[in-house]
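Paired with subunit B in one complex and with subunit C in the other, subunit A is shared by the two complexes that follow.
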Partner chain A sequence: MSGVSLKPRAPFEARVDLSGLTPSVTRPLSLRELEHLAVPHGGRSVKLAELFFVEGAPDGVLLIEIGDPRLDGVGAGMSEGELIVDGQVGAFAGRGMSGGFLRVSGDAGDFLGAEMSGGRIELAGHAGARAGAAGSGSRRGLSGGVLRIGGNAGPRAAERQRGGLITIGGDAGEGLATGMIAGTVSVGGAIGRLAGRGMKRGTIFTHAVPELPAGFIDTGSHELVALRLLARRVPELKDMLKGWTHARRIVGDTLMGGQGEVLAGV
Partner chain B sequence: MILNGVEIRDTFAEAFPMVGTRLIVTADTPEWALIAGRTTTGFATSVIGCGCEAGIERTLTPEETPDRRPGVSLLIFAMDFKQLKKVVPLRLGQCVLTCPTTACYAGIETGKRVPLAKTIRYFADGHQISKKIGDKRFWRLPVMEGEFVCDEDTGSVEGVGGGNFLILARSRGQALRAAEAAVAAMGKVEGIILPFPGGVVRSGSKVGSKYKGLFASTNDAYCPTLRGTVPSHLPAEVGSVLEIVIDGVSFAAVAEATKVGISAVCALGSEGGVVAIDAGNYGGTLGPFHFKLREIMQNGAGETA
Partner chain C sequence: MRLRLKGGRVLDPANGENGVAAGAMRDIEIEDGRIVAPTGLKADAEYDLGGDVVMAGGIDLHSHIAGGKMNLARLLMQEDRRAFPEMPGNFCGCGGGRAVPTAHATGCRYAELGYTTVFEPAMLGANARGAHLEMADIPNLDTGAYLVLGNDDYFQRLLAAGAGQEQVNAYVGWMIEATQAFAIKIVNPGGINAFKFNARKMDLDEANPHYGVSPRKVLTTLIRAVTELGLPHPIHLHGCNLGVPGNDETTLATILATEGRRLHLTHLQFHSYGTEGDKRFSSSAARIAEMVNANPNISVDVGQVMFGQTVTASADYMSQYRNRGLASPKKSIGMDIELDAACGVVPFEYKDKSFVNALQWAIGLELFLLVEDPWRIFLTTDHPNGGSFTTYPHLIRLLMDRDFRNAQLATLNKAAQAHTLLAQITREYTLEEIAILTRAGPARILGLKDKGHLGPGAVADIAVHAEDADREAMFSAARLVFKGGRLIVKDGVVVELAQGTTHVARPDFDRSVDTDMQRWFDEAVGLKAQHFRVSDGELRNGAGPTILKCEGGAS
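After this line comes the complex of A and B, so read on.
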């Protein structure tokens, strides 16, 4: 294979922070330099080669052969290249990404794609809390790029989302898109309570109208050309919007002066 | 050069640089798309009096449009980019936004950006909604009928304006039939428009006038009723002249349209009453683009008599 593959030597004894391990960092390094790269492991710093068998040649592609929920910050800060994880990842995967492609075949912990501004994340499994949301102390969630979650998303996904696109194939937990500022989120399954609370702008696509806060107003069912346009222009929404010509448009959160919308396919 | 009994005169059409853009306008039905297209490109025959030149490039099937509805492709040309940025939002706001069921999209992705919804979104009075997908932003404007969907802006090209050829025929009816044949054939060429009524000009002009303040006046050398009273380019048997004016996104597009149009006229031949094909030029002083008729027609243009 091309690129560098990382294979764990043994089960991790503590959480590992891989947030410094991105293709832009590893590309200029030799394999030996990469093996000596320091990574936080529990309360100490260890060489990468102490945790992983490191093979291949750095060229912008990284493969983690066996994922683990104790691997935090996988792909965090990525700006280019490709990072592939066969298995699970821990918290903060893809946090602050501005470019590149992060692909995870398993589940992810909390804060997946939090504050990302570009690039693409594809998660086959379930995501923890606050996917695509604002990180602790931050005012803005995902502002650009595409975050795809094949399974369910935990509570407060898309919280304070500022732009970009989040697609959730399964269910979304409580407080979806709380304080959403702009952008688009689609949910293929059920949506938990209190979705869109404090929403200013932005769009939530859903197949069924969820339980919404009191500040949402149902404007009725409408034939919207924008649905056809999005289905054509945005491949990630094609399946979701297939056959949609009409949608119920529910606007909110008007108690906060918001003009966001929930569009439920009819 | 003689093609099917029609003389191709040894001259050239002189054209000039223009800046242009393409809009894709869709609607619920082909009829409404066409209405929007005709309205938007109305009163846009010549930059001299209209500020721009515009026309319907072609109709589009649902498979060809961004929202899978029937549509039309429009080309709008102006003398400079500043003027283009002025006329396009005006026509969009007055003719597309107002037309039932329409939506408007960018037809060119490259070049300097011409504002579309970027300008007219304020009509929605704060209720406008934008979506940015990748690098592309579009707007949804609530209107009484429902929603108007429009791209933020469109690209532009440095095109060619004023390509032309003249059909010299024995009678008015024969000139018109030849012109109609040319327009029908040229309608299949992509990247060009024929901005005059039905694609045809009956009042071609020369530069200047005996009257102060007039930039152009009747092309007396081609007026049959003035033959003999002014230096004329018309032989005795010519009773009527019609002009086809072509604007295009490139020199190649205008040259191709010229060839297709003249070929269609020559297919009618002298039996159809066509005497000669000529072109309007100003000795090479007006514009840098010269479409030499004989060079254009040399390959595959029909039989040489």
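After this line comes the complex of A and C, so read on.
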């Protein structure tokens, strides 16, 4: 196996912040240097090797063999390489990512892919609140790259999204794409209340028309040729748009100019 | 516990000592948290100062560090904490910020500059309990708060009904005691109340649209109340028409309205604007400074504007409403606070290329340099309204170094340069004058007898700075800071967190007002008067306040 694998020595006693541990940081290190890398653990800073068995040779690939919901910031700030987690991750996974590939087989906490600008995240399980959203102190959510969530997404996914693509296989919680500025979200399952509230531009794809805030206007059903082109050009949307001949187009939020749209397949 | 600070050059203007000018070094001895006359006894710890400058701990008499509006500002400006996070290891590892720092960061940043006492200048009665809890959470600083009065409906009703001065005095005394305040602040006298009745501007002699009471009446009544109650600090006034070009006339009229009684004009820079020139915005600093110089009953602090991102937070929603369109980032908060006053939070970035901002900067410095008596002018940025207190070292250098000041001026907006006389002013502050502005002066105007000096009996709040020709570097990081005799800062880094105290003033007043207050709270406020009152045990985690007994007053 290539790359470095990390295996927790024991269940974590406190939250661990792994936001400094990205392939571009670990690549130039020797295994020994990597073992001595300082990692915040609760209120203290500890060596990586105190928390994990560290094996392999540092290159562009990192593997966390057993994930844990107490591991925060996994892949945060990643710009290249690959990070694979077998299991769960905590909050802020992939936050501010600009490149590379983060793959998680379990669930993720809040702020998954928040403010990411590039790269790709694939989550097999459910995501917490504010996936692909803006973090505290920021006015822009996900602005580029692809965030794929296999399961459900918590409240306020894609809040203030600025670009890029988010796909949610299951249901989306309340306040999906609140204040969305641009970009695309697709939701395979149901959508919670207040979706698209205050959205300026951007597109929400869904199979069934959700309950929308008062500022949305139903413009009826259309045959949108562009969707067939889109399905061909964007492989992530291919399954979602399969078989769509027409789409109900609901525009909004008119309070914010009304250039956003919710497209429900027919 | 006895400490000895050996071989410092003592700068203690309150006691007429200037070891820097005289080149004289001496020891300072501390016993159980207070400075004592040198004894020669063996000390438990000694610090060799090697000729560094020793001053009393800094006192900031006007800096918004606690209370409702600061919490709203923190809520609004998460960017601030994101830009300046508190790093793990600094006892805390959470929060942070510069414009609106969290409680922990406030205490630490102030201590690193050599400050040990800071007064919150605008506490609303309804927010008093929260403000006191917040101040207890600020490490390393002694605090106190000025109660905002003058816009509350109870007071306006009193005046409208033609109540006598005794009734007003009793009300003011009751409120000070109930809210554990140190002094009385007036914010836009009556203007905030008038705003709620749709007035959008209010000058000194305009009548409140509902109560018919003029700001002059509010001001003179409260000045008399404070005088007759014997409060140590005069009325702390944020005048009418803040930030409005042409408010210089109002400011001059306000000074005349005092008729020789003491008055503190706060953030005077924002009240010194003329309407001359093609842009209808000009400096009236010279006129105002002349008036201040001629009236020894007036003291001022400047509220200097410093360039960069900050947040303006004020009870004066009349002015914040005017300025909300200038918010940067584009968001603001405006609200009523339990009918006591109001609250406006508008984030703002002062830009050196902006004509108005550059001229505001120059007006502040003109005031500093043209007001002659250093005992009546104080160094403030009205944190965070003009800039964060963390810019104080830079401001000190601007005052002490004319070449540096003129070099900075030359980089500003060209039109603003043409509108200011700053380049012609040759005055440079001396180190002693800076010590007066930041220590001895505030202690005197606040009536704190055991602070702001280094004589025997003074609280051992001491700042040691290594002399440096670059005054900004010198004041950015204190070499040593002692709080009540405990070492809290070493080489510009906080090494210990000390719990400060909260100063409150206790005037005597006619207690028969209590019945009336209870009735008012039952009728209009929605909670019992006894629940509104903040008890001593609620302050400083049960330690209670440091009480300053007022002389005079009716009993």
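The criterion applied here is as follows: the second predicted complex is superposed on the first by the 266 of 266 C-alpha atoms of A that agree within 3 Å, B and C clash if a C-alpha of one lies under 4 Å from a C-alpha of the other, contacts with A are read in each partner's own complex, and residues count from 1 in each chain.
Note that in this section a contact is a pair of C-beta atoms (placed from the backbone, for glycine too) under 8 Å apart; a residue touches a chain by one contact, two chains touch by 3 or more.
These numbers were taken from a predicted model, which means no experiment stands behind them.
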Checklist entry - Overlaying the two complexes on subunit A, which is it for subunit B and subunit C: clash or fit? => result fit
Next on the checklist: Looking at A:L165, would you say it contacts subunit B, subunit C, both, or neither? Reply first, second, both or neither.
Outcome noted: first
Next on the checklist: Taking the superposition on A as described, I'd like to know which of subunit B and subunit C A:R228 touches: first, second, both or neither.
Outcome noted: first
Next on the checklist: Let me test your reading of the model: by the given contact rule, A:A38 touches which partner, first (subunit B), second (subunit C), both or neither?
Outcome noted: neither
Next on the checklist: After superposing on the shared chain, does subunit C or subunit B touch more subunit A residues?
Outcome noted: B
Item to check | Spatial angle subunit C-subunit A-subunit B, Cα centroids [nearest 10 degrees] | outcome: 120
Next on the checklist: In the overlaid three-chain picture, which partner chain does A:R139 touch, first (subunit B) or second (subunit C), both, or neither?
Outcome noted: second
Checklist entry - After lining up the shared chain so the two structures overlap, which partner does A:T184 touch, if you call subunit B first and subunit C second: first, second, both or neither? => result first
Next on the checklist: Quick check for you: in the superposed arrangement, does A:A214 touch first (subunit B), second (subunit C), both or neither?
Outcome noted: neither
Next on the checklist: Can you work out, in whole Å, how close the C-alpha atoms of subunit B and subunit C get once everything is superposed?
Outcome noted: 24
Item to check | Residue ranges of subunit A in contact with subunit C within the complex | outcome: 40, 43, 45, 135-139
Checklist entry - Which part of subunit B faces subunit A closely enough to touch in the complex? => result 26, 66-69, 103, 127, 129, 131-133, 136, 138, 140, 146-147, 149
Next on the checklist: Taking the touch rule as given, give the residues of subunit A at its contact with subunit B in the complex, in rising order.
Outcome noted: 163, 165, 184, 201, 203, 222-226, 228-230, 232-234, 259, 261
Next on the checklist: Quick check: in the complex, which residue numbers of subunit C touch subunit A?
Outcome noted: 78-83, 88-89, 93, 329
